[in-house]
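Got a structure here, written out as structure tokens. Questions coming.
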Amino acid sequence: MKDVQSGPAEVAMPIDRVGVKNLRLPVLVRSRDNKGEVQHTVASVDLSVDLPARFKGTHMSRFIEALRAWSEELDYSSFKRLLEDVRLRLQAERAHLIFRFPYFLQRLAPETGTPALMDYQCTLLGELESGKLTFELGVDVPVMTVCPCSLAICNGGAHSQRAIVRIRTRSTGMVWIEDLIAIAEQAGSSPVYALLKREDERRVTEDAFAKPAFVEDVVRSAADELRRLEQVSWFRVEVESQESIHNHSAYAIIELDKNV
Amino acid sequence: MKDVQSGPAEVAMPIDRVGVKNLRLPVLVRSRDNKGEVQHTVASVDLSVDLPARFKGTHMSRFIEALRAWSEELDYSSFKRLLEDVRLRLQAERAHLIFRFPYFLQRLAPETGTPALMDYQCTLLGELESGKLTFELGVDVPVMTVCPCSLAICNGGAHSQRAIVRIRTRSTGMVWIEDLIAIAEQAGSSPVYALLKREDERRVTEDAFAKPAFVEDVVRSAADELRRLEQVSWFRVEVESQESIHNHSAYAIIELDKNV
Amino acid sequence: MKDVQSGPAEVAMPIDRVGVKNLRLPVLVRSRDNKGEVQHTVASVDLSVDLPARFKGTHMSRFIEALRAWSEELDYSSFKRLLEDVRLRLQAERAHLIFRFPYFLQRLAPETGTPALMDYQCTLLGELESGKLTFELGVDVPVMTVCPCSLAICNGGAHSQRAIVRIRTRSTGMVWIEDLIAIAEQAGSSPVYALLKREDERRVTEDAFAKPAFVEDVVRSAADELRRLEQVSWFRVEVESQESIHNHSAYAIIELDKNV
Amino acid sequence: MKDVQSGPAEVAMPIDRVGVKNLRLPVLVRSRDNKGEVQHTVASVDLSVDLPARFKGTHMSRFIEALRAWSEELDYSSFKRLLEDVRLRLQAERAHLIFRFPYFLQRLAPETGTPALMDYQCTLLGELESGKLTFELGVDVPVMTVCPCSLAICNGGAHSQRAIVRIRTRSTGMVWIEDLIAIAEQAGSSPVYALLKREDERRVTEDAFAKPAFVEDVVRSAADELRRLEQVSWFRVEVESQESIHNHSAYAIIELDKNV
């Protein structure tokens, strides 16, 4: 059967990235707290490689075969093995991989200690070239913010809202999702929870009003912590606050490359 | 050229609705306040008709021809003319039509009076059968809510958030988008605005804290107003509050058919 | 601590539904083929109850407590137990519940038999009132369609595209997700697959070109099968075809209530 | 009234970007073909500036005031004036601005010449620093692709689908949206249309089958044209094909910085 893909390209240009996008897949992720335990979740996956100028096309089915053959827990080293396998199967120089998935953590309500699951949207991105892995870990963490301006000028009360802290990091050593969540949560006026009894609601509200924060404060506080994390070589934090007094968001971004 | 669509169906079942979906179109909408004035916006449109059991297919290009031929301002009577034209072109019993579009209103900040545009997502839905038009008007209105429980139990402060009031109405007489927006806004703790100077922000916050409201309060207050609007024969209100202390929403729904 | 929620409502109207929306949760779902086996997936959940006219508010944290207490595999009877538990905890007349989740099935490529996972978006909706459960099962199934008109009039070739078959059923007896997927797939020109080697791609294409189908044909074929399924008392099928020659979709809907 | 924003920051870090996000706004855009004519559309807008380490916060209402004061047709020079005005109002070094909007063009069906509107999603992004404007224009163009592999190996037929060509360019001189659309459309197997009579459908299908193209072919062909456009200094093309035989997309990306 004719292999059209291996034929010559009409326009002889190398392609940076060619592959498959938005594949859904059940995955196992190892968590920090539950030593040895893993959690089941569902990921959306993009897989790609580079393509030299001389080939017309890549062989798309091999990406799916690589995913099938890889049936491991998702962690740093299994992620790297998958990238290496993709690179070899596709006879490419570079392999590129993104996993996006919700990650669940049991959180205790701050006053009653009632446990409940919270979900955090995570992103794992990796590129492997000449044996060198660039690894990016990201997590989106909802927090509560109380407006410092509103609190200072109002006669009782201040508007608050949900804000999303989006952290992306590149690292040389290990960074856990749990560490990034902790950094995001300490930066807001208060963490948010799935389950709060009335005593907890009072505690969260009072804690948040005692620590008002603009998006500017939140992004700086998170960036300050990430700056101190030795194994993080690059990071980007975006805070988006779903303003309760507006129909638009306020946002702030800090990006830092420690190698520059 | 063969007309496959007019051939016999393999399974002789009537089809409730067949047509095109998610067409984007610039449209003109007449507003209540600016007498005679119209506003330009962009709509996403679905158009469909019924299909008798005996025909294999409908003629999809005729829906687009009907839209092209119709180049009027969007209001009750032009909407009806479009439905009638679609029904005739497709030789159908029933025609069905949905327009979704953002609608803009100039709003004044409550203290300084500074004007700025707010956008509201609107839905116009119509079905024409045997000369009888069923007409549904909907609008999604963002408001601010302050939690009454949090306000009652906390020592200073209370959590607030953006909530969306989604109103859908069927009516015998005319209902304006502006009327539904007013009903939604009075039901929340405060309207939201695009532009607030500090004096306005204080006013909005203080007004909202003076009128705390659960989603239950908001949905009932809006439903109560809609119940009193004589020309409204059916309505549905959903309030969804993007809780600032949680990562999920609280919501409440009231639906009322006055003919039952 | 004050219980504001149990206080009197300002507007004494009953609320049809009040609760929480868009909670994410890991769940276990039992599959038909793998006897005794269950699969791990992630659901988005809405939970609500009715609220009598006399109460100001519901107690939102109890919904989350009900979900925590329920840690079973998702099936017809565990779903009913959760609804009953929610109704009791909230002291309500009616409880209402929606789970949305991706469901995975191993499918074999049609020629080489290579296995790979496909995902299908599912919806479970239930309402319990006076011991009576209304149960709705839904699944969205991607298929391929080849245009019969294009095939008839073109000199070689015909446009094809991905179409989504959305089935919703209410039933008295058991209906499996797998059964609805099979009904949707037989209705299109061909099923779609995650992994196809070249031999498989040829087979899929040739099979699809031998069975051209409009959205009208697909919706009727699926409706015809659902009409014959005895335990299905009501159904709705929508087929949306992402036309490859247009930037909009073609769609068709059939709804049938066997009790009418 | 206290100006909390102008107070000192707790963490003295400069912020790369702080502002407002997802504002909706009616805008006027000048088109190339209709000399002197402008079209009405609706944009979603992000506006931001940098913030020095010493200030606690920016003044968010000034972004909205700048948008209000700017009531011009959207083109290169009015865009630059808005950026300069934002920079001045916020007393910043850099201003950053994104407009996203649907843009409409009348297209003629290829055989009958029947006119109908097509919509293309556009992005205008600009950053102004020390009088220097970085300007990025983007457009997403739907096209049809016929699979060359399927066409070569099948006994009659080949699968086709809608693909989206996403072009982003930075330029020194003027680039029109219409030019980028033309580049994207010639790269696919065929353009897509809003309105096609049967004669047109035959023509589109036959044209497309005479010019089969992988995502790799489409991305290279578009990149080749952009490489030749002198005023384009940087570009990125992504082609995403909504495969009709799969439930995932195939994609390819080429990025080129001519200054490197």
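Points to keep in mind about this one:
Labels for the chains are A, B, C and D, by order of writing; each one numbers its residues from 1.
In this text, contacts are C-beta pairs under 8 Å (C-beta built on N, C-alpha and C of every residue); 3 or more make two chains touch, one makes a residue touch a chain.
Listed by chain with UniProt protein names: A, B, C, D = GTP cyclohydrolase FolE2.
Fair warning: this is a prediction, and the values are worked out from it, not measured in the lab.
When the partners of chain B (GTP cyclohydrolase FolE2) are compared with those of chain C (GTP cyclohydrolase FolE2), the chains appearing in both lists are A, D.
On a Cα centroid basis, the chain most remote from chain A (GTP cyclohydrolase FolE2) in this structure is B. Between the Cα centres of chain A (GTP cyclohydrolase FolE2) and chain B (GTP cyclohydrolase FolE2) there is a gap of 35 Å. In this assembly, the C-alpha centroid of chain A (GTP cyclohydrolase FolE2) lies 29 Å from the C-alpha centroid of chain C (GTP cyclohydrolase FolE2). A straight line joining the Cα centres of chain A (GTP cyclohydrolase FolE2) and chain D (GTP cyclohydrolase FolE2) is 26 Å long. Taken residue by residue, chain C (GTP cyclohydrolase FolE2) touches two or more other chains at 1, 23, 119, 149, 153, 194, 196, 198, 202, 246, 248, whereas all remaining positions touch fewer. Taken in their complex, chain A (GTP cyclohydrolase FolE2) has these residues touching chain C (GTP cyclohydrolase FolE2): 1, 3, 23-26, 39-42, 61, 64-65, 68, 102, 104, 114-117, 119, 194-199, 202.
Within the complex, the chain C (GTP cyclohydrolase FolE2) residues that touch chain D (GTP cyclohydrolase FolE2) are 118-119, 142, 144-146, 149-150, 153-162, 190, 192-194, 196, 198, 201-202, 204-206, 208-209, 242-248.
By the touch rule above, chain D (GTP cyclohydrolase FolE2) contacts chain A (GTP cyclohydrolase FolE2) in their complex via residues 1-2, 4-5, 9-11, 13-23, 46, 48, 51, 56-58, 60, 148-149, 152-153, 214-217, 219-221, 223-224, 240, 248-255.
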